[in-house]
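Chain lettering (A, B, C, D and E) follows the sequence in which the chains are written, and residue indices restart at 1 in each chain.
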């Protein structure tokens, strides 16, 4: 079997001037045809990981461990120059805020063409035709008109579709989508997810999908990785993790999801306590101070990653192999 | 055939070339080249004249001057030959109200011009007029226009659209504020000038003119007096001549602080003119002893109330003024700024605080002439340039010039009468004495401190033989030549 | 877009009218009798009165203003009270000189200042950034007339490369260009610094915008991002400053025009003020204001073209 | 029935578009109508959810309710104070009694003010509380679970969730009767979202505050709102108690919204793009995307009408019957 | 509960000053500006000679041990004149800019916050003023006030206010729709309060940079006016005056203009960098990034 599209091996990331690592020892892999949902609380390092994969961290950021794209390690085996060439062509992105992601002063057509800069040896007519086809594929009813318009003349849903079109034009091997539907209403979100699901079926690659919304993960992803305070706490298939979460944080997080609470209630569950500031992390398990199941050991010893099955793990002393539910 | 061209700077662009209403020296420089008079100023250091369009002129009778024109002088533009009719027309038009001649006073004593032949005629004056041969006939008021051309143009006067040229040159092209090009007038039958073309460039700023000269862009230019030393011993030809100008410190006797003659006298004693002149011009200019510049009759040899700071302090004490603070007003002129700064120090020495008010010259004049605002003017310096006759110098200090150009506002009926009479004194010696006395009287009023007459300095390229009037106010373009 | 520009144009015309009215107020405030100045000290009161009547200076100011504007509408700029020439002749012979000077000055300044600004912005905080900053601030400080005279002394007097005065032979383009070099240099030096600083700040700000990240995420080379996509946005404020700048240069080039003895609108207006030659002043100011409006209009058009959002916001 | 805390009556909001001269020359439309005519009310102590697609005018309505948008018709009544048009006096009164939480919490805090200053800003504005501002700031921050040392921080030094809390604290400073919360949970993780919603719930419970709760998140709305209004192109197309909206949605758009939550593929979703506000379709504005659209929809705009107690909808094809059959994909026309 | 970059930075007193001085450019620039201020205040102590003592024998001497920068056309010591000129320069630069700023800012605020009509009228007036030749204002004002520092300051205010007007107006238009400003309005803050407490502090940054860049412009205007004979009147020495005198004597004594240009260049650099550092130091957001 070929190398995973993306493989993270004990990745640690520290921003310049920051007192501690923003991401610590994160490992997971993402294979061809898979969609990985990356979830976790705000500030847990999801966007940081995405930026690291694209080599777009601020200058001076220290990255330890290995990030491998198709088996080759970024930064060491792949130079900055080469990585730049991979971006857009092999690694595509859809950004979170559709309103600011596009150049406000350029027509959509020109802009998409500019993003596909490496195809400029092809005739312009062909390129434009391709863009038009792609815009049609993401559900824009009048792609010609849209291509002549500016971003401010369009709604968020349309812009987000254009972003997706831009990323997919290159038919990337790895697609990174950072909360692409947060600003959109339910119907538009559903449309976008539909497009992404369709794309997944046609593209021969993998997707890293960052979100806060469990139902989105459920609908779109194959696998899930849960981050807490910069650390990977649990990973597995969507069914495995959602049906039988092994890490107390995952469990707590799922409990908080209002969508999973069938009876309307005014009092939503939350996780007690606060995330420790990154430079004041406890000695033991990072979640221990908030963990309802914490035992003495949790406060003393940081849990290793427990392999619970094939590509299934949880960083918890109490984790046990999942009884797969039928 | 080589094309001999002279490029010379004029410090302003032409305004009006009509002899009756010409603008200033910047116009006259051009007029002297394109028009001829009966006589003209001769180049050199003396104020003498030579025959120009006239073949002869008889100045023996002060009231009746007979002349005979050189035949064959053709006006430019096919306006025919110059005749005595043209002379008559040119001089008598000064009295024509429709011409509205600004220089009407030059011909105030003209009765009429009698034409006695094609080329001959007699100028009849109502009275003897001493300045006739010093500042009327050889000057721009004596230039001859073409009657035919003027009548053809339909206008009584003109500004820059010259109907016909009567001199050795004629206007070829005028690019306003950029260049005036003169070329030979084919109809000119007098002595031919050396240059085929003369390009006159109006350059207002003297520093930039000197730079242009240094860069070789122009052949000849007037220079700032304070830069004379830097040309001495250089390879450019430097000419420095006493100017027909006069600068004085005037005191407005109408203001409360200066109404007391004792105070004014104190100021006269407080000012060290020599130091001022040295500081300003670095030795290139002498201090003045009066208003009339030395080459003219009536120039004084010494002042009555010279530098004496002790006496000044005494007088101030006598007048009972302490903490006197005065303002000194003058126009935009870097030299005057230096004068003022030195004067400031000198007056401070006798306990007078001097505030400097430099302002746009025309604003200053308007203020000095205003019935009320003139109170803002206490001390004032306004350098005047004059024509080569003492009457031109003194005419501004009369009673009826108050509100016009008599900024001191000194007034004496008797003085005015004597000043008018001096115009017609025929005996040069006696006339000179009268002008000295008139200046004495002005100094006695205490309202005047005479500063300097100044010099005019020019540089030209070594190969150019430049020619200037006696005061070097004008470059006499007709007389320029080259080695 | 069209109506945006129409609006700017109408506004420009209003500026013209208001500027004229302000000018009349100022003329009213500035003392100095045109007749005395024009005719010289020897003119009699009667002559001055006659002159005033001829030139219409005896009319109330409002009448003068109205008749000036009325005549202007018919294309008549009035008559120079000194030389009696049509003001239009004076103004329109000076106009091309000034426009070429202002445009040349700003253009060369932009050609140098923009790359310097970009260079500094691409390496913020480095030695290069610092050096460019130092140089650009120093040249901002130097008055143009000083640059002018030193340029003259060096390039004209000492080296003899360029002519010292004048604007060149009217028919000879090469000669005119030759005459243009030094004044344009003198007038543009400070602008080099100004533009460089402006471009740097504007570039840094634009580079921090989120859409720039999109380009990087698509692997567009950094230099290409900076030049092709960031610069057009970053130059928008620069262009509007340049629009105003060219406008100011038209009337503010006086000193340089004086030093190089270049007959231009600036010195024409200045001389007219000094000699209270109000018809010429009015003519010169009408034209400079119109140029100012035009320069801003061009700048606005350019900006509207570069940034379609502005056009729609109005 | 008790008097509503917020009563929006036929409110009309238009933004000027085009230019001064363009308008003088009467070229093109002079304004774009964001809210054509909206009526809405929030009973005391209750929460009204406002849901609609992006750009439909939710924020505009929220702002207009306290006079922060150009109102060209209709009126607003908050806590018995009626305001309309340009007279600033009643608006000032209204703003004293109400508070607003902005969509972008970080941006709604002055970057140059410390959080302490920001939180007590309403006090300073209204000149109410003369006491020690620092103490009051600590107190208010404590109310939303932030330590007193946050008072000295600047907005850029806190997380998005914390910024939200600060805006809650600020909104409560004057103990308002109505809080307009504009997407208060967007971008927050589930736990923080829960905390925040609980906090708002507590406050409602304790102080009897009413909420106009603008959101995209149906799951959240289902829990925390009493009633829900659905907005499409600036019009309320359906309004009903929360349970009814979820159990028996009557408007096809509402149905699409609800169904979007469950759908896995693109089946059953509404198609097409939202028309632009400047170019509203004639007749029913939803017909361009509506599976039920008929000729009638193109001819005639439906009116908002009551189809059951407390349930109104504006659709020609909605009736109590169809509302009762939410699962039916193709109701008969 | 979440915790992002929760770096607990208290806002102690003098924080801005400390931030300013801790950056190398800011520190150096502050030092240089301080030097200028000291030179201005303590001019009689610092200057080696009486700036007005004329000494015609020594006129236009080049730099020497006795006169470091040489002497001028009246034999006065150039260094001393520059030091005393610092007073004038700082005075007109500060007062002139303050006046321009006051007028421009007030108009800009009114235009930005007021209705469309007010805005259009103010824009019109400012544009019109800007399109008129400065010399004309100078002449009119010198006539009304006499050639005085007061007139000069009014001239500067008139010619520079439109620049501030433009910046302030545009900034206000941007800030007007900023969420935090609308938030303030939602609390019932009056327009005045919004302007004073929310807009003003957020305007400071760009304005500071503009002010810093305008200091040389003021001196430029002053020297231009001196050049045209409408500048500062002696015995006050001013850099602008010295520059224009230097121009007059540039062929005989080029050192005068160089000497006069020196403090102008140095002060511009100092003020510009101080302005930029100050902007950064005043902005709590930038401060963290450093």
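Criterion: a contact is a pair of C-beta atoms (placed from the backbone, for glycine too) under 8 Å apart; a residue touches a chain by one contact, two chains touch by 3 or more.
No experiment lies behind these values; they were computed from the predicted model shown.
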For chain E, the least number of touch steps when starting out from chain D = 1
Which pair wins on C-beta contacts, B-E or B-C?
-> B-C
Chain separated most widely from chain A, comparing mean CA positions | B
CA centroid of chain B to CA centroid of chain E, Å = 45
Counting in whole Å, what is the centre-to-centre distance of chain B and chain C, each centre being its mean C-alpha position?
-> 38
Return the distance between the CA-based centres of chain C and chain E, expressed in whole Å.
-> 22
Centre-to-centre distance between chain D and chain B (centres being mean Cα positions), rounded to whole Å | 86
Touching two or more other chains - residue numbers and ranges from chain B | 207, 211, 214, 360, 363, 367
So which stretches of chain A touch two or more other chains?
-> 41-43
What are the residue numbers in chain C that touch two or more other chains?
-> 30-31, 149, 153, 312
In their complex, what parts of chain E are in touch with chain C?
-> 25, 120, 123-125, 127-137, 139-140, 143-144, 166, 209, 213, 216, 219-220, 223-224, 227-228, 243, 246-247, 250-251, 254, 257, 261, 264-265, 267-269, 272-273
Over in the complex, which chain E residues touch chain D? Could you list them?
-> 1-11, 116, 120, 178-180, 182-190, 193, 197-198, 201-202, 283-285, 288
Partner chain B, residues of chain E touching it in the complex = 52, 54, 56, 59, 73-75, 139, 142-143, 146-147, 228-230, 233-235, 245, 247-252
Okay, in this complex, where on chain C does chain B touch?
-> 30-33, 36-44, 47, 50-51, 82-85, 89-90, 93-94, 149, 152-153, 156-157, 160, 163-167, 170, 258-261, 263, 267-268, 271, 274-276
Residue ranges of chain B touching chain C (in the complex, touch as defined) | 13-16, 21, 23-24, 100-105, 158-161, 175-179, 201-205, 207-209, 211-212, 214-218, 360-363, 365-367, 369-370, 373, 396, 404-405
